[in-house]
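Next come two complexes, and both contain subunit A; in the first it sits with subunit B, in the second with subunit C.
Let's look at the complex of A and B:
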């Protein structure tokens, strides 16, 4: 049987393939393809199906087809949905912008030669390896009103005693932004540093010979070189910041009073805590469409991979 | 470029007023004044390290103490989380999840990445596209349907469900990176091995695999760290306490009514230790691994 297949396919095969059967690449990608079909594609399709149902695992009696009712509720009755959407947008923009700026500065600093560079690099990159829950743990300790940093600052005459950053709606946003920044900056620094190291040194030397200062070298050589890396890393990070709920789920639980709930966190709470699978699935669908739309728009606007320099 | 030029490389591009110094590839005028480097770097190091120090401080000093150095030092918090708060169980569960995810991700991504790098087949582009698109699918949003899938498979409350879910979400990026690494290995090396009578598999194992080591370390540690840290899948799929992982244990500590800060900090140190150790070993390879993958990836 196998020989027959071989014999028939021989004239079509490329010469270089030697003794390789044509189906080999398919065998090689099969494990990955099966895993992704079963655990990404199938769940995606079932989200669509659930979103049309009124489905709560703890209430089997209301488990019927609901048509577009879930979606109607989201867009017309659910004010909280709009709040979470607005917060998600603000969260992603602020986080990605700050992480990019700090990450770029850090990458430029670390890219220079100095004594102890290896150690400095390992230390500043270390929060990359830390989880959202661990970040929450650390910042809960730091923000604690009676034993955290603010108490010691108050001892030294800065600020007031009992400052609770995470329960005050006025300060909670920047509180969580700083915590996420702490862990997020190394991602940009690592990726941009990798790309920085591939800039040809000749370019800088030529520019220096022509009398360009360091600022102009950065603007005309470094930044254009990093362009695609910046677009891609900001996109990946933006999607990731939108989707990732670990930190907010554990640090503030979306509070106080829902002030730090992103859309995916709202989905997680609706699904995990509320068991409203149908409604959560409808929210998921909406979130996914928004995310896809924003990503395509971003790639278009940034002319990713285009040679328009 | 001729070999003569390569031999004299340091000389022609050295400006006359700047004599070359041995072992130094960059010259002084490339570099800004030192304080412009060390001041911002120092500030950033403080921002990075103070939070870690704060956690160590709480983990090591006695309860009720408010000293800023952990002295007298105590390990009572560690004993408490390890023995009373079941962090021993969580720890070994997390190790199992992390190692299994790493091994599965590497095996599946190597096999698929090899196919993408070395063959032109009809489904290649659609498959690549699917890999890229899957980056936009949020794991958090698939929680509910994945829960249903694992219920159908009767895998709820077993570590296998978490391992599979973590692997699936690690796969696309890992495979893209690995196929980039494989493309950087010249095919002629492999072909020479075939001529010598090696099978494709043996040629791959003997020639290509050793060259991939830095990249595999980067991708594998990435998978380990991510699955060690990830929280929602374990929270959702594992219900009994003896199956929980470290992040879920931490979340329980955070969520308890009167938070025991010492125990929480000690739990945090236990959670941080393995990833920090892994990170210390691999951070150098991480940069080279990513740049190698980025060249053609």
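Let's look at the complex of A and C:
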């Protein structure tokens, strides 16, 4: 019997060894590696290369190697860069914090068992399914002084005609925050709901037996369980919100008077409207480094995935 | 696992080869194509896609019927994106059309990038140059600032118009806004904020500075954009004109006008009880669609006194460009010739409500029955009228009048910046750009 097994296994081993050349793993990962080189590494290196140049398509006589001049200008002469960076920071913090809180509350609610839960879940997730352009259009109409909320409030004697939350520098920030909140909350609700469903019911039962109320159960069971999901989702959302261009561009064009211009929007305006592609590439590089640094710091401070180690 | 340095080197080399291939593939977008055999497919980019799609489809159908061996592929590009789309195609080295709609507001940029073929000789050979309005040909020449070469075939021109609601004016017993006094009086009289009525809607968002220039020079009557190498935008008369203009904001206009781009401004006018709007002839159809015939009329920019001379800033001239990279220039040119012909040029401009470049089209019936267009043509033909030529030839023109200064214009509207400071800053930028341009010309 043992001999028979040995006799069968020998040719198998030989065939496996013979048909697995040493370069096979490299061949297998080559397509992915080439795609990454072409679609990630090359564009990044290209941006880095442009950031060291003066490059304006409409003024070819100026184009050429600029060394670190673009970066020097950003940090020492460009006050608007600091304004947009400060606005981006405020935008990310407020958006992510509010989206997390509302997303968590909604996830906890639709995790309960009640009649119409399926419909409630569909309603909560529906803004996520709406395209960015459509979202912008909805909010443009809502904020429009002729068709929007302010018109109907004025009809009811509240406020004045011809006003819009987006045209007042004092209110525009919260106007765009609310619009983005509507779009962003479902992202947290979906992710957190998925994680909530994996919490063992035994834990809650044991806690209840020990006399823990719902609030204590939330603090000591639910929240620790959601920690990694919260860290990951806030990080992802933070990066996305930092890079947000479409909604702000469509709703306010970065205005009024530059009041809602994020750093990426400034990059878009500098490159696309201003044709200063070299300077825009330098701004992009700075934004990338800031984002990378903040992401690493956040993961370190939050000890993401620490329980698995 | 043992790592092979050779393999690592091979991977790096492959990456470099790929990167080089990716950056070097395709032509530069400025390489010279060929005449072709006058048949086959050509691509046409409409620079106001959506708005003008229908009329272009009619023109293309008629062309293909007359030239069954040529197929025109229509690509409608939204007006707001057209310049960046051209720039991207040129820099990307691929995908430029054979023929494209080009406005003089960005013609100089395209020429600077070497993307267009001059059409001077072709125009002369076809005799089309004798059929086109000399003023528009001059405007196209002046835009590029390279002597006598023409880089587009003009098809239409626009003109700043003061649109007003005749029904509201009649109800209030007001005179049409033919003079600045009439304009400011009407703006005030028609405003009743408590009942959602406003005398005027101002453009505070995208495109605001170009419109402000229109209002400034028309009021100040200054007849030239340059005095030597210095711009006249911050001349005291222009400062005063701008102060009057921005003074309208949030007194006789809605507060929300601060963010108004073209679409919002026209929507404010057509969607509410607003007495006047300053825009060019291009929005004529929007007003007809919203109010029907006879409710809105358009006048040339007001004058200081009744029947006095007009001062206008030059509006961009729209035209068709032949792209250097085209491999089918003969067929492309036939399409341009066809589109600029009397019948087609008339059809297009009737649809757009603009001033046709083809002189024969100027006598067509539709112009007689389109009072705003007719009034614009008459004002332009008036010998006393002054046209202030804006420096569209400056590569920085769009950047300066848009991204660089539009946020500041909003600061002026909000009272955070004075008209004088705004215009001084604008003047500094323009003078610097002019000096650089002059240096390049030398």
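Keep this in mind: the second predicted complex is superposed on the first by the 275 of 309 C-alpha atoms of A that agree within 3 Å, B and C clash if a C-alpha of one lies under 4 Å from a C-alpha of the other, contacts with A are read in each partner's own complex, and residues count from 1 in each chain.
The working rule: a residue touches a chain if its C-beta (ideal position, glycine included) is under 8 Å from a C-beta of that chain, and two chains touch if they have at least 3 such contacts.
Worth saying up front: this structure is predicted, and the values here are computed from it rather than measured.
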Contact breadth on subunit A, by residue count: subunit C or subunit B: B
Partner chain in contact with A:127 - subunit B first, subunit C second, else both or neither: first
Touched partner set for A:203, first subunit B, second subunit C, both or neither: neither
Partner chain in contact with A:195 - subunit B first, subunit C second, else both or neither: first
Touching partner for A:26 - first (subunit B), second (subunit C), both, neither: both
Contacts of A:154 with subunit B and subunit C, given as first, second, both or neither: second
Touched partner set for A:256, first subunit B, second subunit C, both or neither: second
First (subunit B), second (subunit C), both or neither touched by A:281: first
Contacts of A:98 with subunit B and subunit C, given as first, second, both or neither: neither
Touching partner for A:166 - first (subunit B), second (subunit C), both, neither: second
Overlap of subunit C and subunit B interfaces on subunit A (superposed complexes): 26, 33, 38, 42, 46, 144, 147, 272
Footprint of subunit C on subunit A - complex, ascending: 23, 26, 33-34, 37-38, 41-42, 45-46, 56-61, 144-147, 150-151, 154, 160-164, 166-169, 252-258, 269-270, 272-276
Contacting residues of subunit A [partner subunit B, same complex]: 16, 18-20, 22, 24-26, 28-29, 31-33, 35-36, 38-40, 42-44, 46-47, 50, 102, 105-106, 109-110, 112-114, 118, 120-134, 136-142, 144, 147, 149, 152, 182, 190-191, 193-195, 197-198, 201-202, 204-205, 208, 214, 229, 236, 239, 242-246, 249-250, 264-265, 267-268, 271-272, 277, 280-281, 284, 287-288, 291-292, 295
Residues on subunit C engaged by subunit A in the complex (per definition of touch): 7, 11, 14-15, 18-19, 22-23, 84, 87, 90-91, 108-109, 112-113, 193-196, 198, 204-206, 253-259, 261, 264, 267-268, 271-272, 395-396, 398-399, 402-404, 406-408, 410-411, 414, 416, 436, 440
In the complex, subunit B residues that touch subunit A: 13, 24-26, 29-32, 34, 37-38, 40-41, 44-45, 47-49, 51-52, 54-55, 58, 66, 68, 107-109, 111-112, 114-116, 119, 121, 123-124, 127, 130, 134-146, 148-149, 164-165, 167-169, 171-172, 175, 191, 194, 200, 225, 228-232, 235-236, 247, 250-251, 253-254, 259, 261, 264-265, 267-268, 271-272, 275-276, 278-280, 283-284, 286-288, 290-291, 294-295
